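The structures come next, written out as structure tokens.
Next come two complexes built around subunit A: one with subunit B, the other with subunit C.
What follows is the complex of A and B.
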């Protein structure tokens, strides 16, 4: 039943979905790497970005080249505020917080997720918002597959942004600082790296990337208060598969999950397509907690 | 103040609170408000059972709502297909939830913090997706109807209050025994506890199973009250409510979750008339309490009492 043409179509679609997952998951992996917490409000940054883009572009008529960066900046600003107000106790004065540190992080990010969903629900309304299209072409042929113009445009932007992030992390001073702190916070501080500033940077960057993902996909999946739940769960799965905190791992795992879901929906079961990733997550956490490519942290 | 005395005070305070709650039907016979109280008691059982895990054992599970849903389906399916009486349905519901909790608890034994939270969250989502997609068995999102057990809301209120008292009493006896000491030792320092001869695997798994069974019991009871079971019972948002109530009331105390559940749910129904911002307020409160008042409302009360006692009269 799986012909060559269908397989090629599934592969291309799976990879494109995987790219979008990557935009979400890399931020989550960065946060885990630097702060050692899972941000349970990550999906709400996606939601906020979708709204920021939709409102600015559709209601105020701002051109797309401005609206997309605006969504990114809005998410980044929110991330910065959250880090400054709620995440600081995690590493300032860590001794007295040691015991309940993990629990605090789960409660606070979980509470933040509830807060943002309900705030938007009350302030803007529970109905889905239709976002303006990114491009006018409705169907584009990509290699063997036929895809909507929206998806192709969004995938193009995503690829460009992911490449920028990779260059930033690889070559810039702050990129190296991020990698150093995620390898070993204490060691990096001893070497003169401002670990607190790195935490702020990482939270802002992650918030911005998730918001950008929400903005890019809002023409396809319209903004609504709970629109972030779904991409958030995907990115949890990806971060676990790729090894908690590993950026290249998260990227490869994003593409893999996109492929697994796209083939699984056809070959195994369409109804249960959303459970594949979750089952993988549990199996990985139990049997290979370092993920596909994860490395153990280095101790000082 | 030693742990035993603290626990006894909390137990007495809870008992007084439950007695005061039992007087409420004297004030109102309104069907709507009795319903609100019943749902509050349902959440109080869920929050108390979650507190055993998160507050007393240090296992931060994100699956309490899923176990309530499993218990509810245990009751609903056995009553729909085998026509069992409600009492048997309750036992089946809590038993199934407890067994699944035993298995899950044994599996996630070694996981901590974010890893445990992610695993239990995934389990909860899988359980919900299975319930809503197994349409030929559970009728999916349409839900399974049940024969209501009682029709009078006053009777239901006392049934739920009795169930809550039963759970609180059980938790008190458990925590007062050696088991409570073991659980708190595991929470505070697992390695030191193991070194001192506490059977970590046994007690952590037992706490998970007991907590799950209690959540399943609450869910099964709720199924007979609502006379409809849908996968919505297992939504992550429901877990969010349970966590909020426990954090606001006071994690790691016997009375905290009960205070939190009644306070949050009753006030939120009351605030519904003034624009429905209740969930925004409670989510903000959760963050404020977690950030600034980690012992919750009950902790604030005991701290206030302690300073008053210290001051010479």
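What follows is the complex of A and C.
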């Protein structure tokens, strides 16, 4: 029975979950927009961020306000290294790579995903760790909903970061460069934009955002080597729903997916919760393959 | 010519004699399938593996079995049934193991046992609780470990003693979880039909269970039952607690999976663990045979960790097999199965015998000892928790502390 109080509870929970999905998915959308590849290791950046925050905050006793940016920077640095070492062949002038660009991207990111999971499993161990929460209150009343203090704090930080990303992409030189390269890489290069540097920036930013999402949620979801798999799958769905490479689309699709899952779990069945996104995905592919904000094609 | 043929006969005799000696000293290979990498429970896999290695060393230090050392051949299943199946196939056909032990996940046992059954190789189930494993009726399957029906009976009896009217269980979407949650429902129907019971199936890989938990807030049940394993169980418990549902003054939290015994329990659960009622297969205050202390000490010396239930289940799996190998004085699968059926062996948890009845009792050690204990403080060690139900006695509600 869906009462008014339960509906409000589900709405708040769905929107907050959607915000977290958004933090992950926007990085994936940026990478697709600029590099035209799907990063299958995106979930592992989330996992690395969860571990970086947990180890630095819980084991080394670093203050949480320092540990959180550290997790972001760690993910960004890892993203930068990955872009420099593994992604460059995709757009460097190596003739033979051009023909098997998609295959290379799939294989190399999938391999990176397996490598990172097993590396963390062996180096740190298989045990799950719960990171210290940003706020000590275990329960906070948010309107009609009751939420963990960490979830409220994480949602606040997520909103602030998403706003900063929007401002960065809209008004800064590098933000405009990112948008230009995502529209037309060759055209942007002809206009004097360093597309290689933009690719590097985007991979770093995406890695940092995924790591930050993992760090913010690590007190709730507990860091473990395979923790990134689930949010990564959600992110792939969101990027397609929002329109491949579209940042506003990814944000709206994240909130939409959070709400659909939250209400669907009660109105239909919790057991089918993870299929709702996939049903949406199929419907979009059938009736609106360009997604919410994507374009069918572009001619220059 | 005669000289050459005599030489050939002598060489053959010598080589046969040498080969005979080598066979006598050859190790007895025992196949082990455990989880050593994600996505399965590496925590469980490591406890089982360490337990088996401790016992194998103890047996070998005492001269092995029938003069032959035990050699464990370990396969990592990653907790995936298809890998368990392939692992058992490889262990039997390529490594020529005499039996399989160690598996700690029901889905994997169900996959691996089919292969063992096809090759008629004995399979000692170390920690697969699903009743379906027994109900197949395979003669090669032996179960010196816990079974879902046993937990279901224990949980139903405890819930009845708690005076509950409404019970909700959260079960993981595995053979273990769904099987046990259904079993608890059947047992409750039998012993306390007046109790309203339902269970929700949750995805082990998910991280947000709130949509399943939120509807309980308006009208909380008297008991919430956990039928999930870590790490998903920890996340579910924290979310149930954060919503003010359980453990609380109104609602008990009954853990049918024995979570408090896990080494990472307090790393992942804080306030949500206080007040928890735990079904336990091991508690330091339980009476146990002398062998338990020897095995426990060796385990602590090897790993630095305290003994746990999986250590003893793994130990008994290998000890029962070694006992059967001794009595059979053979590694022939048929002779081994026959010897296992006649088992009467005092292991680390009591005297183990295997039932000859059909159904969930097939080749099952029926009288698995268990207890119920309550966690009364955050960070409390299992050894310090009070027992509220002793082996063979009903739960005593007067010993319970309301959260």
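The rule is simple: the second predicted complex is superposed on the first by the 289 of 300 C-alpha atoms of A that agree within 3 Å, B and C clash if a C-alpha of one lies under 4 Å from a C-alpha of the other, contacts with A are read in each partner's own complex, and residues count from 1 in each chain.
The criterion applied here is as follows: contacts are C-beta pairs under 8 Å (C-beta built on N, C-alpha and C of every residue); 3 or more make two chains touch, one makes a residue touch a chain.
Bear in mind the structure is a predicted one, so any value in this text is a computation, not a measurement.
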When subunit B and subunit C are modelled together on subunit A, clash or fit: clash
First (subunit B), second (subunit C), both or neither touched by A:265: second
Which of subunit B and subunit C A:217 touches, first, second, both or neither: second
Which superposed partner A:229 touches (first subunit B, second subunit C, both, neither): both
First, second, both or neither for A:115, with subunit B first and subunit C second: first
Which superposed partner A:127 touches (first subunit B, second subunit C, both, neither): second
Touching partner for A:274 - first (subunit B), second (subunit C), both, neither: both
Subunit B collision site on subunit C, chosen from 20-28, 110-118 or 380-388, when both complexes are overlaid on chain A: 110-118
Common interface positions of subunit A, toward subunit B and toward subunit C: 118, 121, 229, 271, 274
Residue numbers on subunit C that touch subunit A, as the complex places them: 37-39, 41-43, 46, 173, 200-203, 205-208, 210-212, 214-215, 217-218, 230-231, 234-235, 238-239, 241-244, 263-264, 267-271
Subunit A partner contacts - residues on subunit B that touch it in the complex: 54, 58, 60, 62, 107-108, 111-115, 117-119, 121-123, 125-126, 129-130, 133, 188, 236-237, 240, 243-244, 247, 275-277, 279-280, 282-284, 286-287, 290-291, 294
Parts of subunit A lying in touch with subunit C, wherever the complex brings them together: 3, 5-6, 9-10, 13, 17, 117-118, 121, 125-130, 138-139, 146-148, 217, 220-222, 224-227, 229-231, 261-262, 265-266, 270-271, 273-274
Complex contact set, residues of subunit A against subunit B: 32, 36-38, 40, 85-86, 89, 99-108, 110-115, 118-119, 121-122, 229, 233, 236-237, 240, 244, 271-272, 274-275, 278-279, 281-282, 285-286, 289
